[in-house]
Amino acid sequence: MSNNTDFILSIEDLTVSFDGFKAVDMVNLYVDKNELRVIIGPNGAGKTTLLDLICGKTKATSGSIKFKGKELTKLAEHSIVRSGVGRKFQTPSIYENLSVFQNLEMSFPRGRSVFGCLTFRRTTDVIDRVHEVAEQVMLKDSLYLEEAGLLSHGQKQWLEIGMLLMQDPELLMLDEPVAGMSVKEREQTAVLLNKISQNRSVVVIEHDMEFVKRIAHKVTVLHQGKVLMEGKMDKVQSDPRVVEVYLGH
Amino acid sequence: MMKAMYQNMLGGRSGMIGLLILAAIIFLVLPLGLDLFRLNLVGKYLTYAFVAVSLVLLWGYGGILSLGQGIFFGLGGYCMAMFLKLEASDPESTKIQTTPGIPDFMDWNQLTALPWFWEPFHSLTFTLIAILAVPTLFAFIIGYAMFKRRVGGVYFAIITQVIALILTILIVGQQGYTGGVNGITDLKTLMGWDIRTDSAKYILYFINGALLIAVILVSRVILGSKFGMLMLAMRDKEERVRFSGYDVADFKIFVFCLAAMISAIGGAMFTLQVGFMSPTFVGIVPSIEMVIFAAVGGRMSLIGAVYGALLVNYGKTVFSESYPELWLFLMGGLFIAVVMFFPNGLAGIYDKYEKKLFTRKPRKGSASAMSSRTLSDPQPGPVRDAASPPAKGMGISNQPVN
Amino acid sequence: MDGYTTSELWSIFAMQGFSGLSLLSVLLLMALGLAIIFGQMGVINMAHGEFMAIGAYTTVMLSKVALEYGFGNYYFLFAIVASFGVAFLVGYLVELGLIQHLYKRPLDTLLATWGLSLIMQQAFRSTFGAKEVSAELPEWLMGSFKPTETVDIPINGVFVMGLTAVVCLGVFIFLFRSRWGLRVRATTQNRVMAGAVGINTKKVDRVTFALGCGIAGVAGAAFTTIASTGPTTGSLYIVDSFMVVVFGGAASLMGTVLSAFGIAQAQSILQFFMDSSMGKVVTLLVIVTILMLRPEGLFAAKVRR
Amino acid sequence: MYIFNRNKLSKISSVFIGITMAASVMVNSVMAADYPTAKVNTTKLNVTDTTVKVGILHSATGTMAISETGSIQAEKLAIAQINAMGGILGRKIEVIQEDGASDWPTFAEKARKLLVKDRVAAIMGCWTSASRKAVLPVVEKENGLLYYPTFYEGLEQSKNVIYTGQEATQQILAGIDWIAKEKGAKTFYLIGSDYIWPRTSMKIARKHIENVLKGKVVGEEYVALGDTQFGSVINKIRLKKPDVIYAAVVGGSNVAWFKQLKAAGINSKTQTMLTISVTEDEVLGIGGENLEGFYSAMKYFQSLDNANNKAFIAEFKKMWGPKSVVGDVTQAAYLGPWLWKAAVEKAGSFDVDKVVAASPGIEFKAAPERYVKIHNNHHLWSKLRVGKWRSDGQADVVYESALIEPNPFPKGYQ
């Protein structure tokens, strides 16, 4: 792994400990450009913590996270986002009191400073972009819903993905994007993710193996804060260690 | 363009009507209906309204409860008072002192020269700048230290309260420099203009009213911009905002500084109209009372806050005259009732009532304008949709503590 | 300072340390109650000082009764228990009528309890009058003993400190060694789970809140040994107590004890070498600065967020 | 200064009381018709053919209410007595009472209201310096007349104010002289609450101790208003072992101060203390047993043994209940309406300018403190008494000075 710049994201020897408990322990992970990587693992394996570390929500105890060759561990959250990393949370995190349009508009990558916000104007390029993304995440019909809180659970998940797409990130991290979705919605989401990953890298945490099969280029299995194994889905699924971890759990 | 501007500043038709009514009350009804004595009282209440408005921005929209707005009200007031005091302490009228030409309380405290930080207050220009800059700078320091470290919610409230306490002790303890418990008193003229005359009182009242309306307009512009929307978003889902690439602390610092500046204007006008400034307006009790003004008026309503300040103070004057025993009970009950039953204060009650009356009509200008255009694109222009947010979701439960 | 000899300085530190300890007692008793209410339940009780005043008034009233019937020498022990009881009871009622509706809104509790404190202050004024009243202290609490020639230690200070130690110990045992404590901790850590395993969480909340108020009542009884009681007595300590709790790290009782100790000693020593207002200003400033650098307080456990 | 023989003076004056009282009744029986309203009131004051309006402006609510209630009662008593004697220039006094609510802007507001709306001929009012400072610009601007009862720091003199309490030098110098002589005191420890009155008083005390008595101030300490922790101060006092503690602690702190002293084993057997901030009113809160044997320097004590005072106390208790206590300020407040009456009658007019002009030289011989006279500087000539507190909350007067000239701007003490 000599040259970091080959990868969009390279994580090396990443460790975080909470009062001695190592939630993530010497993890190494490399994600290619335009790759869709799925991270699986039993509860408490450290999956969400890993995403937290990448996006800066949790600070690493040691190790390094490089994004496009740039060290992220010391950066503030907003700087990480601005450098091109988007993150979706486990439970849909949208602004329930704002309209769907406003939710998307808020994520438009312009006017992010105080002054920028005060002088921000809703120009046609903003409107066009919102429409484009709304179309993509299947929310075109709900665009003018006054309170996004009224959307269904699945639609909220899409809205949050849409908000990330507004930022046009090079790395998109999704924490359980299909939780609480119907079978049909899952299928639509799978299509969506495959489309999204055509021009950006995506890291997904997911439990639904059927879903994972449909989208994953490569799968990483985390267990007790460590990488258990990594590879193609079929290979991972048949690995005895993985089976043991899941069944033994 | 003009239309957008109008929508933005005045919050649409209903917002404009509300503002016009308020202006009419301040500029016509009260001056015509009240004698100068009562009007002067109203003028004093209106200086508190600045603080109430600042708390709508800070607390209602920003979700940041400051229990130390008295700090900024006081700093603004003290800056003004320092200028007026220096003008009142010319060597001629203070010739009886050991050191003529310095404020009387300094002389009593054995100071023989004007302290350095008083010197620039000889200049009115400097004073006017200081009234705005000193509290803002102070707010910036506090805000920077706290928000950058994600101190929020309850902790922020308690720490601002302690800072208010520190400042009060300091002002009272350093009486040679500050006038101590008595405050800075016996203020007479502003650039030779006697502020105690009837005509001056009228003029100051109108200036005060105009400034208040101006502050409300500016606040509306800010709330109507993307900034206002962001405040709501932040109060709702701070993490999401942060992970959309915004530096949340910057926005909090800004709104805290803005609130400080608005409160300071109120403080300066207070000094001018009342004729002195004292530490009683800096401490914990006035600071928390000012929160109740905003709460009674409606913590999400700029105009409501003004009515809140007027009503609570009027109630205080009336009740403390006739039923002094009852006043604290009433005030305490008001706190509890507003929190438990009317979290949106008067504005909330008004909205509810108005809704019942005009169910056919869409409610507030902006939000409903949006829904009536559901099929068309929103117009390019400033983001004004957030000017009148849905009244739901007042709970500040989403405040992260750290 | 102007020319103290070494032995004098030595006695200064001994006596100041002691005077810090007696400040500590009231502060700690107040803060302990708050730490339970705020730290364990997340409720900001701005009326906490008024619960202390309830205790103080109870003690004063009992002292009047005791004088009348001539058992003035022993009433004080009984008064401590009574102060706890009365404050506990009022706290229980307040939780029932007010606090339980506001658990999810900490900032709103702050405002509502502030309103409550205004009402309670006026109630004191209407009942006991605006004038400050003070309890007749039993003889055995008066005076001081002198371990050395220059050191004087007031006996009431020693007594109050002993009382504080006993209360602290009691709270620790209650929270960490009793079944009730287990329920309290279970409820505060995971309300839903606690409810699921059959704990009556509402009752637990009520008792916890009332317990905090009761301890404030004991603080009030202790307070009567050093000063008089007026309607606004409670408001003197409320901000300081909050500082102690926040400074110690809200969730840690040990932190509360240590921070009360630190703050009281710092203030006491500083007030000796500066004047009293500057001593207080410096103490508060230092705390605020430290809190800005370390918002979670001194002794907060690192938790996985 | 001390040239009068006290005993002789007291005998003479007690004879005088009867005469003056009788005389004043005679004078007051003059009809209002002798003084037509148009003549006695050229400045649109609220004076009719039968009445004259006077304002009372104190805190009836808030933290200061405890202290100011006595003043309100005394003023009302004086006014009731004056009315019973026929009023002033044949006009009954009608009181408009306003509540300053312990809040300084409210004081200013209400003063303005009394002067502008009610057009009162005089205001009896204020207690704290802060409230007076807030009211002063209003009174001067509207050309009103304020009778201010509290002993205070001096450093003030206004055409529109008559100060019926002592300014600082009147309360301090003679008391310190006495205690220095009586106790042979050389070292003093000064302690006060942290605001203008104690600070000014201590400044004057220090200069006097150092320059005149050649004694030594071994400590000077100020505690924040409302502070209840005196541990540090008491420790310092223990180390410094002053001959005299000179104290000006006020309000709630006062109680804590004496209580903690007693708890620390410092009492009048081991320590001399002279305070200038404890009157009978304060003793109620502190408790006589905590004070026993300490000294206060005041111009008036309830226990003063003279006919004026006995009559006054009897009337006061009749009006306000037998449990009432009367302190120094309460008595000074009682003087206000009487001094105003005398000045109005001397001027033959209610006009403020004329009353002010007539005021210097006005004497009041029926004063409970026995005799006062208005100085050109609008303060009163008065005596200083030192009282030694008993456990029942009353004081034994152990020293009485001669009349002291008021000097609000003392040279050499600034």
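Going in written order, the chains are labelled A, B, C and D, and every chain counts its residues from 1.
Operating definition for what follows: contacts are C-beta pairs under 8 Å (C-beta built on N, C-alpha and C of every residue); 3 or more make two chains touch, one makes a residue touch a chain.
Note that the structure is predicted; figures quoted are calculated from it, not measured.
Participant: Show me the overlap between the contact partners of subunit A and those of subunit C.
Facilitator: Of all the chains present, those in contact with both subunit A and subunit C are B.
Participant: With respect to inter-chain C-beta contacts, which pair, B-D or B-C, contains the greater number?
Facilitator: Contact tally favours B-C.
Participant: Between subunit C and subunit D, what distance separates the C-alpha centroids? Give it in angstrom.
Facilitator: Result: the chain centres lie 39 Å from each other.
Participant: Starting from the mean Cα coordinates of subunit B and subunit C, work out the distance between those two points in Å.
Facilitator: A distance of 34 Å separates the two centres.
Participant: As a quick test, compute the distance in whole Å between the mean CA positions of subunit A and subunit D.
Facilitator: 77
Participant: Give me the residues of subunit D that touch two or more other chains.
Facilitator: Residues 194, 222, 224 of subunit D touch two or more partner chains.
Participant: Going by the contact rule already set, what residues in subunit A reach two or more other chains?
Facilitator: As it turns out, subunit A has residues touching two or more other chains at 57.
Participant: Which positions in subunit C are in touch with at least two other chains?
Facilitator: 275, 277, 280, 305
Participant: Which of the residues in subunit A come into contact with subunit B in the complex?
Facilitator: Subunit A reaches subunit B through residues 55, 57, 76-78, 81-82, 86-87, 89, 93-99, 101-102, 105-107, 109, 111-114, 117-124, 127, 144, 146-147, 160, 163, 167.
Participant: Report the residues of subunit D in contact with subunit B in the complex, numbered from low to high.
Facilitator: Checking each residue of subunit D against subunit B gives 60-61, 99, 101, 103-105, 108-109, 112-113, 116-117, 129-130, 133-134, 136-138, 141, 153, 155, 194-196, 199-200, 203, 222, 224-225, 409, 414.
Participant: Please name which positions on subunit B make contact with subunit D in the complex.
Facilitator: That would be residues 35-37, 40-41, 44, 96, 98, 104-105, 107-110, 169, 172-173, 175, 180-183, 185-188, 196, 274-276, 278, 280, 320-321, 324, 327 of subunit B.
Participant: Spell out the residues on subunit C that touch subunit D in their complex, using ranges where they run on.
Facilitator: Residues 4, 8, 11-12, 15-16, 18-20, 22-23, 130-134, 136-137, 141-144, 150, 152, 154-157, 225-228, 230, 232-233, 236, 268, 271-272, 275-277, 279-280 of subunit C touch subunit D in their complex.
Participant: Write out the stretch or stretches of subunit B touching subunit C in their complex.
Facilitator: 65, 67, 145-146, 149-151, 153-155, 157-159, 161-163, 165-166, 169-170, 172-173, 284, 288, 291-292, 295, 325, 327-329, 331-336, 338-340, 343, 395-397, 399, 402
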